[in-house]
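In this document, chain identifiers A, B, C and D correspond to the written order of the chains, with residue numbering beginning at 1 in each.
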Amino acid sequence: MGINIVAQAESLKEKTIARRRDFHKHAEAAWTEFRTAATIADILTDLGYEVFVGSEVIDEQAMMGVPSTAELKRHEERALAQGANPQWVEKMQGGKTGVVGVLKCAKPGPTIGLRFDIDANDAVEADDEGHRPARDGFASVNRGAMHACGHDGHAAIGLAVAEVLVSLKNELSGTVKLVFQPAEEGVRGARAMVVKGIVDDVDYLLGLHLGFNTKKSGQLAARIEGFLATTKLDAVFTGVAAHAGAAPEAGRNALLAAAAAALNLHAIARHSQGPSRINVGQLDAGTGRNVVPANAVIKLETRGTTSAINEYMCSEAKRIIKAAADMYGVQVEIREMGGAAGAENDLCFVEQIEIVAGKLGIFEEILPSCYFGASEDCTYFMERVQQHGGKAAYIMLGAELMAGHHDFRFDFDEEVLTKAVALVSAVAADLLQA
Amino acid sequence: MGINIVAQAESLKEKTIARRRDFHKHAEAAWTEFRTAATIADILTDLGYEVFVGSEVIDEQAMMGVPSTAELKRHEERALAQGANPQWVEKMQGGKTGVVGVLKCAKPGPTIGLRFDIDANDAVEADDEGHRPARDGFASVNRGAMHACGHDGHAAIGLAVAEVLVSLKNELSGTVKLVFQPAEEGVRGARAMVVKGIVDDVDYLLGLHLGFNTKKSGQLAARIEGFLATTKLDAVFTGVAAHAGAAPEAGRNALLAAAAAALNLHAIARHSQGPSRINVGQLDAGTGRNVVPANAVIKLETRGTTSAINEYMCSEAKRIIKAAADMYGVQVEIREMGGAAGAENDLCFVEQIEIVAGKLGIFEEILPSCYFGASEDCTYFMERVQQHGGKAAYIMLGAELMAGHHDFRFDFDEEVLTKAVALVSAVAADLLQA
Amino acid sequence: MGINIVAQAESLKEKTIARRRDFHKHAEAAWTEFRTAATIADILTDLGYEVFVGSEVIDEQAMMGVPSTAELKRHEERALAQGANPQWVEKMQGGKTGVVGVLKCAKPGPTIGLRFDIDANDAVEADDEGHRPARDGFASVNRGAMHACGHDGHAAIGLAVAEVLVSLKNELSGTVKLVFQPAEEGVRGARAMVVKGIVDDVDYLLGLHLGFNTKKSGQLAARIEGFLATTKLDAVFTGVAAHAGAAPEAGRNALLAAAAAALNLHAIARHSQGPSRINVGQLDAGTGRNVVPANAVIKLETRGTTSAINEYMCSEAKRIIKAAADMYGVQVEIREMGGAAGAENDLCFVEQIEIVAGKLGIFEEILPSCYFGASEDCTYFMERVQQHGGKAAYIMLGAELMAGHHDFRFDFDEEVLTKAVALVSAVAADLLQA
Amino acid sequence: MGINIVAQAESLKEKTIARRRDFHKHAEAAWTEFRTAATIADILTDLGYEVFVGSEVIDEQAMMGVPSTAELKRHEERALAQGANPQWVEKMQGGKTGVVGVLKCAKPGPTIGLRFDIDANDAVEADDEGHRPARDGFASVNRGAMHACGHDGHAAIGLAVAEVLVSLKNELSGTVKLVFQPAEEGVRGARAMVVKGIVDDVDYLLGLHLGFNTKKSGQLAARIEGFLATTKLDAVFTGVAAHAGAAPEAGRNALLAAAAAALNLHAIARHSQGPSRINVGQLDAGTGRNVVPANAVIKLETRGTTSAINEYMCSEAKRIIKAAADMYGVQVEIREMGGAAGAENDLCFVEQIEIVAGKLGIFEEILPSCYFGASEDCTYFMERVQQHGGKAAYIMLGAELMAGHHDFRFDFDEEVLTKAVALVSAVAADLLQA
């Protein structure tokens, strides 16, 4: 079957590249992927998948870092103007731009989840001739949004995999769940899909990234370490203004509350079980030199090598922020703006992937280990699946890059797309081989 | 009547001096005045006063800065050994060493309260020949307790006044309430008597001090300003110890809670309506260099030129202390260790006192104004009486001092005693002159 | 002479109102008063005054809160376009928009300084018919600058006084120094003129304000109390950015330095000799949630009822800010953005002014006292003159207001202008009456 | 030679146990080991070693955490009374209780250093029959000092090794340096010997501990990891007292300086290259509630998994402490009270030790790895030797314990002594086998 799959992936190459470029051209940042998601939903429907979108796959309460209603509205209209199917956009109101496609195979068997993130970055894309997307006419037309992390490729891979698996449907046992996740940037989107329960029945969960720490085409890394659990918080303090000369006692000082919070947050005790991090990256407070400041906001993040360590940091942080507000008699609202879990790939799953990859014969190098050293909210899916007894893995596929991730000149060697389609399809087929 | 009273005061001179010296010799610090109070109670009873002590005049909950039970017990036994009447001591258990003597005059009339504080200081008295109490054999026999503030004189004055007023009883209209208050040092005792309600029916309240800011014999100051309201607080933080190297995250850091409290206490906003003060005078925390500190205590005081300003400081302080504990996840107990109100003498009462004093002809100088600039818990009595529509005044009587108040060589010219007996008796008589 | 002066002031009424309205229409905020100052210089020259501007009267190093070079340039060009004499503007480059006019009288005698501030506020003026300047066509044409504090009136008064005194020149003994000061708003300008030494030879210094705490036409207040000395500081912290997850130890945290500064600034000990104030009104730091913040700025002010108390606050503040920077290993630059001294009117001078005012017969009410309760940098002139043995006074002249000072609908009853011209001229004449 | 050495060690067993018990009975804490060191010096002299003590082996400036002169004097006298040789004690004045014995073998060769620590803990030893030292009459007679860490055993082992090596002297090539180090508790003593240069010529340095993380007799651990570099600091702040009510601005607040230091110390940024620690374990400040506190002391420690990380923590800490003092205008003195380096055993030396141990046949278990997880100032010797190109190792020898290290009931199975003598002697002989 392996050779067959490689050939099929090859035959989808042009279509996959065209889709990637279409997504690239119509780049949409977190929670505004109306056109991208609607396109995916259309294609999956055409392929025969049962398709779920909007509040069917997203828990509204669990969404993090969502733009304002006005901005979301603006993007809905933009997406419609760019050809998005109004039926899907209607269901995705409020930024609920996730899509899940379900394919039941011929015979009963395990459920596998394949996760693809689809959002663009907040960046203004290069527009000179030296930048291929500009030269070849697929640079972002949505100024301020740009696919500088390869999620356009991830989305295109997912759609090709969808097509391959449909063709194998009668030979396989079990269920395929394709998870197209919005808002991975800022680690804001996965939690809302996990909380909704969409991977609660998943036995194997596979996520991927192209070109990250694997910058040579033909590389595969399945032995990934170093996922950092993280939480992104904003704290908004509201006090009472007063004339600093005439009645200082009448004020409630939000600036000092924020300052006290910042200092004491950085004093959270180190954790003996592994590295932890805290950073208050921004503090803005006050309006005038002679007014007791009534407003302040801090933007911070906690990290830990495990979910437990990050949870320790985050719960300490929240308590400290609340106490700092109490200390100055001001109100505070803490907003979760993003988050990711720690994670470990299941070794047996990793080995299975490597065996499948070996048989495909399309990878030149399978890395013995690979350090991630960053945060990725695919970990929320992995954690949930593992908590329910399932297996999970996150893999990285080599691709030469024209500039680093998140750079305004980012672009990648599209060869990786075909390899990824073949591998993911083959792994899925292997898992569903009764 | 005035001349008569002066003569009577003169006739009591020797007895008054003897009593002052007896109290001086058996100096008893705050809440341990068992012998002093029992002596007073005996004398008042003999004079025909209705006498109330212990829980009849002290609200136990409202006592501040009370020594340990063991120490109180030790002092009870000491007092008994020094001749205190066991019947009174029995009723004063727990340090409730206040005494109130009530004398109903022949006819109905107003109720006047005369307040005398009776406690000694925590000090070791000089024992050389240059110090008169030592030379003349009345230096304190209770090492560590010493009358270095003249309260021995106040108590003796009160007893002589009691005797003068009894002699005038049939000519007067109304009720005399003599209030002998323990624990003025550290401003710890007045509140417990006020809360008990003993001045709730008082129409005129008079308090006094000898030699304070009036260091010349023959001076009288009734126009006193600058009583500072104050609150004395201890905050005891209790966290969780942990090995600072092996498991810092397992600790709950009481030292940092106390440090955060101290810094933010000093940042309480200034009050526009008058001077305020805050001082964390002591901070002690931790047991070892390599242990996350599980214990901390801070000792602080707030002040304000009015009760309202002090109340602002004190309530801010309490909120900050609690928030600092929350910030570090530790427990905190806040203990009120002392307090005094702000106060203002009633001008009409002041003028009446000055007229009476003028008629007596025993004062060489009546000061046009006098700044107190400190705290005195007689203010609690004054505040309560004024809240109920009564009048209050606090006066100062000149006396040459051998050393400053609270000095271990403190002593005063005993001439002041007779003048004080005459004045207080005459003011009382004037008020009760129907 | 008094009656004469009143008549002369009356005769200048129309011209004075016209000038006030011209200044109002071409409102210029601190350090950009190129047209206002050039106009003043022209008029004084025409009147026969020796005129000094630019670096002749302003010490560049002592200027505080100066706009950027680009902004100053823009205003120079705007002023020229609005008819400012290029010769003066050339000399005022860099915002040195002060003017001093000197008139030597017939005979030798004392030197008197009369100080008038000339700058507008940063405000957008009301443009509806209900606002007289808009209705009558003299609302500010310089959007964002508006005379909302009456300095347009002060400047016009000064020019009329100049004219009156010229007419009296032959009868008088001594020297008149008319000081037209820029940048009083934000208390930024006076220091630069004082440091330059322009009042070092002044024997009597008179400053004034219209409508401030004297809101009834016909009022005069010369017994002013409650000038608050103040210093306005910006502190700019510069650290080193670093990735908060990957290398936190490589950063130098400017945000924490600023936060530590803010907290400890508010903990500066209260001063026993009078009210003091501290306010960190703004704190802005950092660029991104996951970056160790390399930049921070705080904007603060200190105050005190005397120059000494403010100096205490300010020197404490500077030390604390520097130490906070050291604490986090970051650099800090402290900029003085404004300042005013404390001040007391000389009583003998005040009495003289009141006598002169009485003789003029144009004031309906001379207030027995008046509390200022704010900061005014005329105090720097007063302090310097008094330090050299001279006398100084600051007076307030009643005027009905249409809205409060600094309100975008501010306007005043122009009747005050004539009264002010008469009084100031008469006081000057009285002082120069050998 | 191995078998020979085991037999020799066996023959010294009784003597070695007797010496251990003598040291135990006359326990002497850090820098007061006058009797212990004098005894060692006597024995080494008798064996023919060249013996160096006092300032010959200790750099006075580099001594940390030294008792007061008075206390040292008291201990000198106590030691003399307990039989210490006055000649040695004389040379050890000031607490310089280190001893180095040098033995030059027959032929030239490498220099080996064997390090034994000799000080007792600050503890009051159990005195009941259940505690063998008490039962058998060798419990500490020096109340407050107790060998609760086995250094009595280390010293006895060193003396037996000295004897074995003398007997082999003619067969060996090179030089033996026996280093008897005072003040290992609190990691206070090693630095002073290293700074003096006593191991600058050492090619192999061997240190050991009995019973630590190897609690079964017959165990040997040579593959030790996890030495924590550490620095122990005291910071003493000195400000100016002032009456907190009357003149708060006159004070210089040492309490707030210490509090600010404590908070900001705990906010030192985490290090990305490995675990770090900071702990302010004690803070004591102030004398009275109503006095601006003029004194404060903090006791802290930093740690790191490498010397570099600890150095980062320590230099940050010192800068913060100084800045906190500056912030409050107080003086501060920072005292280094102890310290240890990070360290790694040289693998080739470890393998050699394991081979030697294997040949001896007296160890039942050679542990494949062992985590230290604490601080030991033998690391200073190791670091210096390795910096000079030498090899170093620290080993642990199993011993059953009656209670944990530093427990007041600590005691160990003395079987370990003979095994240790045999191993150390055999390793030394192996190294000196030309």
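Annotations for the structure displayed:
Note that in this section contacts are C-beta pairs under 8 Å (C-beta built on N, C-alpha and C of every residue); 3 or more make two chains touch, one makes a residue touch a chain.
None of these values were measured; they are calculated from a predicted model.
With contact taken as defined at the outset, subunit B and subunit C are each touched by A, D.
Chain pair with the larger contact count among C-D and B-D is B-D, by C-beta pairs in contact. Comparing the centres of all chains, each the average of its CA atoms, the largest separation from subunit D belongs to C. Centre-to-centre separation of subunit A and subunit D, using mean CA positions: 53 Å.
Averaging C-alpha coordinates per chain places the centre of subunit C 69 Å away from that of subunit D.
Rounded to a whole number, the gap between the C-alpha centres of subunit B and subunit D is 56 angstrom. For subunit A, residues touching at least two other chains, in rising order: 246, 248, 253, 256, 260, 263-264, 266-267, 269-270, 272, 277, 292.
Only residues 246-251, 253, 256, 260, 264, 267, 269-273, 292, 312, 316, 319-320, 322-324, 326-329 of subunit A touch subunit B when the two sit together in their complex. Those residues of subunit C lying in contact with subunit B across their complex are 263-264, 266-267, 269-270, 272, 275-278. By the touch rule above, subunit D contacts subunit B in their complex via residues 228, 230, 232, 244-246, 248, 253, 255-256, 258-260, 262-263, 266, 277, 279-293, 296, 299-301, 303, 337, 373-375.
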